[in-house]
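Here the chain labels run A, B, C and D in written order, and each chain numbers its own residues starting at 1.
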Amino acid sequence: MSGNSIGKLFTLTTFGESHGLALGAIVDGCPPGIELSEADLQLDLDRRKPGTSRHTTQRREADEVKILSGVFEGRTTGTPIGLIIENTDQRSKDYSNIQDTYRPAHADYVYDHKYGFRDYRGGGRSSARETAMRVAAGAIAKKVLASKGVQIRGYLSQLGPIAIDPTRFDWSEVDNNPFFSPDAQAALEMADYMDALRKEGNSVGAKITVVASGVPVGLGEPIFDRLDAELAHSLMSINAVKGVEIGDGFDVVSQKGTEHRDEMAPEGFLSNHAGGILGGISTGQDIIAHIALKPTSSMRLPGQSINRQGEAVEVITKGRHDPCVGIRATPIAEAMMAVTLLDHLLRHRGQNADVVTDLIKLR
Amino acid sequence: MSGNSIGKLFTLTTFGESHGLALGAIVDGCPPGIELSEADLQLDLDRRKPGTSRHTTQRREADEVKILSGVFEGRTTGTPIGLIIENTDQRSKDYSNIQDTYRPAHADYVYDHKYGFRDYRGGGRSSARETAMRVAAGAIAKKVLASKGVQIRGYLSQLGPIAIDPTRFDWSEVDNNPFFSPDAQAALEMADYMDALRKEGNSVGAKITVVASGVPVGLGEPIFDRLDAELAHSLMSINAVKGVEIGDGFDVVSQKGTEHRDEMAPEGFLSNHAGGILGGISTGQDIIAHIALKPTSSMRLPGQSINRQGEAVEVITKGRHDPCVGIRATPIAEAMMAVTLLDHLLRHRGQNADVVTDLIKLR
Amino acid sequence: MSGNSIGKLFTLTTFGESHGLALGAIVDGCPPGIELSEADLQLDLDRRKPGTSRHTTQRREADEVKILSGVFEGRTTGTPIGLIIENTDQRSKDYSNIQDTYRPAHADYVYDHKYGFRDYRGGGRSSARETAMRVAAGAIAKKVLASKGVQIRGYLSQLGPIAIDPTRFDWSEVDNNPFFSPDAQAALEMADYMDALRKEGNSVGAKITVVASGVPVGLGEPIFDRLDAELAHSLMSINAVKGVEIGDGFDVVSQKGTEHRDEMAPEGFLSNHAGGILGGISTGQDIIAHIALKPTSSMRLPGQSINRQGEAVEVITKGRHDPCVGIRATPIAEAMMAVTLLDHLLRHRGQNADVVTDLIKLR
Amino acid sequence: MSGNSIGKLFTLTTFGESHGLALGAIVDGCPPGIELSEADLQLDLDRRKPGTSRHTTQRREADEVKILSGVFEGRTTGTPIGLIIENTDQRSKDYSNIQDTYRPAHADYVYDHKYGFRDYRGGGRSSARETAMRVAAGAIAKKVLASKGVQIRGYLSQLGPIAIDPTRFDWSEVDNNPFFSPDAQAALEMADYMDALRKEGNSVGAKITVVASGVPVGLGEPIFDRLDAELAHSLMSINAVKGVEIGDGFDVVSQKGTEHRDEMAPEGFLSNHAGGILGGISTGQDIIAHIALKPTSSMRLPGQSINRQGEAVEVITKGRHDPCVGIRATPIAEAMMAVTLLDHLLRHRGQNADVVTDLIKLR
């Protein structure tokens, strides 16, 4: 169980630090008989990979995943799937000057206090490197979900001050720019903004939206494992996330009941303010979640901090880093949505497979 | 485990529907030797109780909790604590006309689909009645945490369009008005606004903020049981919550790195944009979380819906209900923060009790 | 989760001490639509109830269970089922002289050390009273399993030195004597043996066998949640159990491979040394488990011990107690087998419901 | 969580089949600051390794374990420890003739039914290969426990009909013979017996005893996670185990209360029939557990079975296998005892670290 495991039936457990020998994961409870190969996983890993544009970190990460078990003759066996990615490019020397220093807004300080010491090279276990395994596991979950008509897609809805324009929304644009922006014009503005940011040596936050469509009604286990609560958990567990919304999120604060409620008619729901989840259970409508990612903590601009001895120091993070974490988070958010939805699909059918109704399903 | 249980060491499991015989809970893993009595629990339950002002529901709920086990001679024994609250005032007849109808924005539709049928009286298991047990359990957690110097307090930061003014913030005002507002002037505006809303027969959303102070550094179990992820889980599991933020939440999207980062000096942290959690671990600063609650789904204003047979119907919810759920959610949010923090305090010391450092602790 | 919860999908959590106000349980994850009433539970509780023969304790326990939630119009709703039994007859004064004394072979010593102090009246949480809730929950599980053709029955196979004779085995005898013995003649010998034991003021152990028939093939989640491992867990968790066997149990130590293996033929398995479980997964054959129960620790015959201060004392347990715990354990063992099997039935279908084969099923 | 994970705070999750690319594990929740290297793990792995005597399988398994994460500068970091062992010698062709055949007493039949198909090479996931990871993880747990004065040692108490003689018991003999027998003379008899068995092409069962000494009082989480129940779970989860006993085990059936109870005196417990656990909690005495292992199912002697099509076939298992699994199980049983004890040590201190008493501790 412990903290590096998530899910009850479809379970993901991971290990690995930024400068360790390898990252790895065990994906347990995957239904048997699903066609699976490394290529399925590599697709999403490549979407996440840095070094593909000038807007992402220049750190070369091969990120080649290997499947070590749980697949036989091209299909999942139902036994645990072991995954591994060897770390090939870490460049320890970039971080040696901060061995005793606590970088502001990093996890250095808390790891030292919690464990007594830490692997100070890069971010150690708190580094964003661990997200590679989330993406690999998410690819497995996506495959299974796809076989049941569930599709999960994400996009960047805002980068710093630049929000996408819903009237220019086009899903096919998402993979056409380095930002996962569904708004081509906004993507151009983002590029300019990022160039300026890079020159400045600063960073900025982002907001990602993930949408799951074709979700069957009935997923979610009230009252504590409500589907929205579990999605909040898996999404907030992503490095740098500071907020999670379902549907209209914080907009509901000022909405009146008559504005917010999604009325129903025989032809379907008349709106989707709920974001596809009511009473903690999926309604069959698109599940819509948004996450807020804080600006990267690694910046060239100096900041005040202390060192291990409690003395005041100035910190400058050299080396390679992402000026905007948001640029890479889209596949990670999709992955976490997939992992959680599949877990709930299995849990729901585990308990309720005998339920047969002739009720009309709305969308 | 299943869905009605939360926590790994300090565990809360609940049962009970709005119109069943009783609500109950089992609180397991409470450290022994803590002084505990029904009075400790009743205090917070009374804060949550409807019928105390014209602004909350007129449904009379006695909400008298009884401790059935786990306490001997006034102290917790370390064995599971059984709690019960008998349901005394349900008035079934208020809901009989909606036996076959799906109320918009309620869980009726999804419960019928998930389980094949439902207890249609009131909200059944999805009713806000179940929150009484969260509050009772939270009171136990608060007691234990208090013995370790941790204090948890919440307040209403926004009701509909009315936000509190931070310059008029006063903790002592929170218990002086029916809204848990720390801004006395805003409370007056809220009263007027609510009167108008009640006349209109509508409802509105709210935003609650919870603050935990005196939290030791080191709580949280990366990477999946990060403290913020677990708080997001327990807070989002509250009925009607559609969004959770830690620290600056969605404001981080447009913040630059230099604005967001909390720099450190020998005298302490210089800001708290992070909301007390970094890398998923508590820093020792105040933990600040915000939740968004949607407007109550039960309204007198008619709405379009369908019935069990899939036919179009109009729905009007008569009977007693809250025009703003937010008014009662403050003690519930405090309770969930307490339950999660205590669970993590125990988990952290379980694994890391041998860690001794002479590192400087900042606040 | 903590220690008072068992099961992953079908979950049982209990509370209650021998001298507290009540015993209770929350049964979560029960499939919806199952007909359930207090009568279903009371049947098995009465089988377990002391005071029905001179061979069991004279303590009057009403053991009337109430269902507080999770059932609507006579059927389970899929929401958690709350159960309660009020403690009506404890007679505190019987135990007051041992407030500071550690009774040998009881849990007094370990509870004091683990928690710092204990409820010294009777056995507190370690008392056999808590088994009432296991039996109630087991009755629910049995009901669900019965709807799927699975039947669970237990019997006493040995009381002290008196073993049943397999050639005289008759299932219909089990409920005809106070011992759950399927061998009527052995039951008579047991009665005489018990009378002598009672005069002597001593106690003796017992061995119980539980059989589950009609179990589908495929239950069990290797490698750690193998069905036999999980049964060992739930059976060993019963008060006084010191050993668990599956199938031939410890007899396999001296068996050769050719003797032990259960060969297969088109008409079915040719033997059942495995006890219905291979590789940790059910084969479809009867699941056979045996448990060894130690002699009751409460005896009139004095024993040496120490008190809280570490001084040597002599201990005599007056009051009412069972000279042979085994006499009551049969329904408890059935209950635990039921709870575990149902949990695994749900887990298996949760992950593998899509598996369809035309393989021949053997029995 | 799922089935390939065990433990709540100190958690072991494994993957890997006999003929897959590698075996692996993630050990999570290990306290930080413990010195750990591959050599620590290799020691126990070598004790388990086949090919070291003519009495064990001739299959060459390098079993070289690598630590991939969670250790920095020679000490555990508190972050998850990834372990890997590459499979180097599988010889697929040995098993190809049984692709469609169900070997009696193997898991072939049940895996096909549970998952729809299986990796038929060797035992797949049900093979004893997976135990390598248990031993590696157990070595980590042993290291942590040793730092707290807890020692775990096991031995073979019986091989087929040959039981060790307690009067000739010598711990130092255990590592002097291929059987882990503490009785040198019995070891010689066992050697002869095994030679005859090998000639015959048959196999036989065994009984292993594991002893944990120096265990602090108070470990175990009643009522379901009693220490004995959890040990029964982890020991029964070992391949081929059909029975588990704590202390006197099944001997208690015929014991009287006066014989069984472990009386106490100021100088300590006067006996240890309980095997170190009372009321599900450790007493401080040696924890003694016994397991019964069935004879290996792979034999040269032909057996009756069916194939995938349900037709009668004769099965002969060629290739390399253990005539007595018991010979290798000692380190595995020690490992599982270690893993479970460490988990409980952390859980106990998690909940009860504040308990301070001046009670006398007995041994």
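Details
By our rule, contacts are C-beta pairs under 8 Å (C-beta built on N, C-alpha and C of every residue); 3 or more make two chains touch, one makes a residue touch a chain.
None of these values were measured; they are calculated from a predicted model.
With steps allowed only between chains in touch, the distance from chain B over to chain D comes to 1.
Taking the CA centroid of chain A as reference, the farthest chain centroid is that of C. Per-chain Cα centroids separate chain A from chain C by 45 Å. Separation between the centroids of chain A and chain B, computed from CA atoms only, is 26 Å. With centres taken as mean Cα positions, chain C sits 38 Å from chain B. Residues of chain D in contact with two or more other chains: 1-5, 8-10, 14, 29, 32-33, 78-79, 114-116, 125, 222, 347, 351-352, 355. Residues 1-6, 8, 12, 14, 102, 104-107, 109-116, 125-126, 130, 158, 160-161, 197, 202-207, 217-218, 220-226, 228-237, 239, 241-266, 270, 273-275, 278-284, 292-297, 299, 301, 303-306, 308, 310-312, 347-348, 351-352, 355-357, 359-362 of chain D are the ones that touch chain C when the two sit in their complex.
Of all residues in chain D, only 1-5, 7-11, 13-17, 20-24, 26, 28-29, 32-33, 66-70, 72, 75, 77-82, 84, 114-119, 124-125 touch chain A in the complex they form. Taken together, the chain B residues at the contact with chain D in this complex read 1, 8-10, 29-33, 78-79, 222, 346-347, 349-355.
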